[in-house]
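Report on one structure; see the data block that follows.
To keep things simple, chains are lettered A, B, C and D as they appear, and every chain counts its residues starting from 1.
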Amino acid sequence: MSAARIDWRIVAAGCLAVLAAIALGGRGGAPLVTEMLLMALFASSLNLLMSYGGMVSFGHAAFFGLGAYGLALAVSRFGLPVAAGLACGPLLAGLLALVFGTLCVRLSHIYFAMLTLACGQITFTVLFQWYDFTGGDTGITGFMAPAFGLDERWFAVVVLGVVVACLLALWRVVNAPLGITIRSVGEDPERVSASGLNPRRVQLTAFVIAGTLAGVAGSLFAALQGNAFPDYAGLGFTLDSLIMVVLGGLRSFGGGLYGAVIYVLLRNYVPLLVTEWELVIGVILLLVVLWSPEGFAGGLQRIGRRLRSEPRP
Amino acid sequence: MVDKRFELSRTLARAALAAVGLAMVAAVAAGPARAADPIRIGLVAGISGACGPLVDGEVKAVELGVDQLNAKGGLLGRPIELIKRDSKTKPDEGAKLARELVLNDKVDVLTGTCSSAVMLAVSAVSKELKTPFYSTIGNSQKANIEAFQPYFWQTQAHALMEAAAAAEFVAGHADWKRVVPMGFDYEWGHTSVDTFVAHLKQLRPDMEIADPLFPKIGESNMTSYITAALAQKPDVVYAAVFGGGLINLIKQGKSFGFFQRASLVTLMTVDTMQALAKDMPAKGVSGYARAPFFELMGNPKAKAFVEAYRERYGVYPDDWATSSYDGLMYLAAAIEAAGGTDADKLMAAVTSITVHGLRGDALKVRDFDHLMNAPVYVGDVTTDSPYGFPIMKNVVRIDADKTMPSKEQVEKLRAAAQ
Amino acid sequence: MTATAGRPILEAEGVARQFGRFVALGGVDLALEAGEKRALIGPNGAGKSTFINVVGGQLAASAGTIRLDGRDVTGLQPHQLARSGLGRTFQISRTYRQMSVRENLVAAYLVARGHGYSLSRGRLRALAAEAEALLERVGIAGLAERPADDISHGDRKRLEFAMVLAGEPRLLLLDEPTAGMGLKERHELMDLVAEEASGRGLTLLFVEHDIDVVFRIADRITVMARGQVFAEGTADEIAADREVQRIYLGEGH
Amino acid sequence: MLTVQIVNGLMEGMMLFLIASGLTLIFGVSRIINFAHGSLYMLGAFLTYQLVPLFSDGSLLGFAVAVLLGAVLAAAVGALFEMAVLRRIYRAPELMQLIVTIALVLIVRDLVRLVWGPNNVSVSMPDALAGAVQIGDSFFPTFQFAIFGAGLLVVALMIAIIRFTRAGVLLRAATDDRGMVALLGIDQRRIFTATFAAGSFLAGLAGGLASPFGNVNYLLDTEVIVAAFIVVVIGGLGNLYGALAGALAVGVIKSLGVLYFPRLAMVLIFLVMAAVLLVRSMGRRELQR
């Protein structure tokens, strides 16, 4: 039995690569690395639902946005210190994930997706229209210094720490009995049910974990920016997260991570070359689905298999 | 305990991580430092996303202006370098790009934002990094009032001023007795409607003002709002809407016979008139505008700009283009007055100079809210036009002193926001 | 665990189920005594699978009562029934296709033992040993590493059976356990089922089309037709029943 | 006032139905949630913008020809997409099918922008539809009646095709049971291609028909797609009559919302969508195969 242990060498190598990128990028480049890290966490949280739980959410950005607003509202409306606000974000996201999740897990497949879409759009609309409380479309700004007023590089290092911790925790979850159960439900909820466990409860558990982690990412994103806007809960971020998971690779723990790095880089650098950057991303997405449906991770594995099966001269 | 598909072969994972790391390193290391000689302007524009249709003219005009300045030897003997970025009309993206532009590309000034959210997000970066930032499209008053910061200035009439100008215009029509206000359902729309109503109540206490209507921003089907407005039997509808949503309102309104029964007063920019062309109603539409080129042709500077713009792009500049060009020229004057691009010296110059621009010969930015005394042009839309698309006639230039909030008002609003 | 003979473990009274206007079950009465092996036979569309699904909780009954060990369990969810000692297989076997055979069984154990939400990986190691033993018993230990998607139809049936056994049920519902299998495989599987059922003292209710299998395994046989119980009795009684022969044996198999 | 809003809501609803009909058709047959439906709508609008000057100087017939031609071209794009892309991945998880339609959204949006530029454009109303009809002391656009008629025509045609033609029989069979069509010995791929073409035709038709009634720009796709999803979900995915009822209901809710709960209209529509999904799911804890 190959107990999926964490290979600390890989973790260390990854962290070193990120630290090197932060150092080389300087103050101006560090926010890009931070964004990549936060998107990696955001996409990985969706990946828990999609690759493991078999649930495709069209409203995952709601929890990212709620994480951001949890922080922004706690500080600006309730006068809490930023540290406490950072706890409020994931908490708010987790709570709403519990509420929305309770409803959504009653449905499956495309109906589930459509209900998450509705929940996500309701969240967005409330954030967008409730001026007196959420500031509407002009959001909440100036409630804290962006990145706590830290040097961008130091903030990126802090985020690296939090994101690595969250991903390790997620790794722990998916390789623990709970992770097996979540995958079982993703594969066949009827079988789980006939075996004696309520699949909806399992789905709800996964939904809340994913929502909370998305909330962590959203809170830190708001901290990076020093603001919160309804966009953070909008359809744009939801589609981003779906695209990242697919680009990175479904059915792989690293899918969210790879996808975030690839997508954020594409989105950052393609517009420098062509105005029609969406066209380029669209074509890449199409090619990935057609030629490597399991994304970057799947492609890697395929190459790996080919290397192993071919005798070396 | 892990299914093969989930199990990452370690070498592969390492290879992947190395690749990812390399990619990140390569990515963020891109853009080597350049000589400090040129004056760099960072243009963060919503080239894609919701602002796409608006910023087209802005980008063209700024590129034209920079080329013209460089052709004359730049500013203070230094060439100007324009660095253009696509904010995708997303506040987070705008803020990130602004930060990158300041820290990596060493830009001296930021500009280009269109949506209020992106403008406020970039303004926060400008404040933090002490980099001057001016807006020529986005005109939420929040940036001048509640979220004011010393490195920002606004070269437009902001939302409060435009709404006040619209109220002046409506009040001036003695035969209009009943008005229905309407605005897009977001901050700008609500602020505009509130300001319009407050102003109008003062100017014309006799006027009946119906409950306002708030269609969602960019609403594609305005018919329910049109019928609801017409049911009030208004003489005039004030609509704080623009762009695509405004085109919907006008075309659909036309189908309802709206313009035979009421007048519309709205933000009427050149691009909207170009888009509507022969579909513009012959009467019944009045507008307030920011920089209608046809009204500025008497000013030789404006005429020269319009001709240069036409020569280069084959079209007439819209308001966004004209005011962005004007904003750029104001910046140029300020840099020359400051003798450089030092942020604090530049800001001191911004609030002390008087510039002969496209929109008048005494443009200046006042010191307590960094708001330009930009005029608002009001008039009636006519299809009788030499340009091949409608323009406005009977245009009145409403000067800023009639519309700018007083220092006391600004301070009151700032205190209320605390 | 051991049931006292003579007391019904499952009682269905007037169990009905409609789909729109179509009456799939028109009031079925059926009682199973603890430890017995009952076959449910009948032509296609007789309502056998519907009955299994209603008892298993996958379908709600439109009317009627179901008692398990004397307790009214009508309307309970499948997982609640499973926890009350009911285990079942499906017509098209349900396993976790992308997971390995071993993982499938470990997952079944986790659920059965109430460790589905555990975060302790120690539990997995402990259960893996048990899983190994059970795979051995059902004869697919050699396939432990293969994804369930990759193994043969018959082996998947065995896997599903093992997953049900992991839940230590007292009542076992098998919906066409041998559908789509070859003759030899069929008998081997059903012998295994019978052996395990006897060894563990399980009560067995199975839907089966192969009359040989039925006569070999079943203590008693219930014949269904058009959503009703048509006849019930021992193998000999049913074999001798002319009506049954006419409407069922003669027509189909 | 109330009546006016209700009538207007029904009119708007019929427009929504035209938008949603193709989406629900495609979903019914192929189970694909086509995010690119809005893109085909937009394409129909831009093609009409391009073609109208060629055929029409304000004449209704010329406009109709331009719209139909635009819809046919949109159908061709849809069919091509089905054959070149979707066909390869019918066995993949449904998510993959959805993702390629998202990719198509991105591609079409930028292609439209490349061809027609980022600015707003306007399609002229045909003269015959430019006026208004007076009912009581209210006016309603002739155009909306024409759209209502067109909507009814589409419903009638779709019913006729589904009821009375061989294609319709196959369509119904495919909607009810995908495997059955294969059993009937019919090339399932042809049905899917035809369905995609038909759905795209309807999207392009809706875009073309609606174009004189509003603004046309390269951002039209997103505006349309969310509205279409709402209608299709409320109507019951894949259900034509449901989509009609759902569209009319959404139109009326929105129209009345302007009067009675102006700030809540959008949230309310999403709440209705959520409620419909949940109510439909009740008592459906049945076996899912």
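Going forward, contacts are C-beta pairs under 8 Å (C-beta built on N, C-alpha and C of every residue); 3 or more make two chains touch, one makes a residue touch a chain.
Just so it is clear, the model here is predicted, and its values are computed rather than measured.
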### Message
Give me the two chains with the most inter-chain contact pairs.
### Response
A-B
## Note on the structure
With centres defined as the mean of Cα atoms, the chain at greatest distance from subunit D is chain C
### Summary
Closest to the centroid of all CA atoms, by its own CA mean, is chain A
#### Entry: Euclidean distance of C-alpha centroids - subunit A vs subunit C, Å
42
### Message
Centroid from C-alpha atoms only, then distance subunit A to subunit D, rounded to Å. What do you get?
### Response
32
### Task
Let me have the rounded angstrom distance from the C-alpha centre of subunit B over to the C-alpha centre of subunit C, please.
70
#### Entry: Rounded Å distance, subunit C centre to subunit D centre (Cα mean)
47
## Note on the structure
Residue numbers in subunit A touching two or more further chains are 1, 3, 129, 175, 180, 190, 251, 277-278
### Summary
Among all residues of subunit B, those touching at least two other chains are 1, 5, 47, 185
### Message
I need the residues of subunit C touching at least two other chains; which ones are they?
### Response
58, 77, 98-99, 103, 106, 121, 124, 128
### Residues of subunit A that touch subunit B when the two form their complex
1-4, 7, 9-10, 13-14, 16-18, 20-21, 24-33, 35-36, 128-129, 131, 135-139, 141-142, 145-146, 152, 174-175, 180, 221, 225-227, 229, 231-232, 236, 251-254, 257-258, 261, 265, 268-269, 271-272, 275, 277-278, 294, 296-297, 300-301, 303-304
### Task
Note which residues of subunit A are touching subunit D in the complex, please.
50, 56, 103, 106-111, 113-115, 117-119, 121-122, 125-126, 129, 190, 235, 239, 242-243, 246, 250, 276-279, 281-283, 285-286, 289-290, 293
### Parts of subunit B lying in touch with subunit A, wherever the complex brings them together
1-2, 5-18, 20-25, 27-30, 47-48, 85-86, 88, 90-92, 95-96, 99-105, 115-117, 120-121, 124-125, 128, 140, 142, 147, 185-188, 190, 217
#### Entry: Residues on subunit A engaged by subunit C in the complex (per definition of touch)
1, 3, 172-173, 175-178, 180-181, 183-184, 187-188, 190-199, 202, 205, 251
### Query
Which residues, counting only subunit D, touch subunit A once they are in their complex?
31, 33, 85, 88-89, 92-96, 98-100, 102-107, 109-111, 113-114, 222, 226, 229, 233, 237, 263, 266-267, 270-271, 273-274, 277-278, 280-281, 287-288
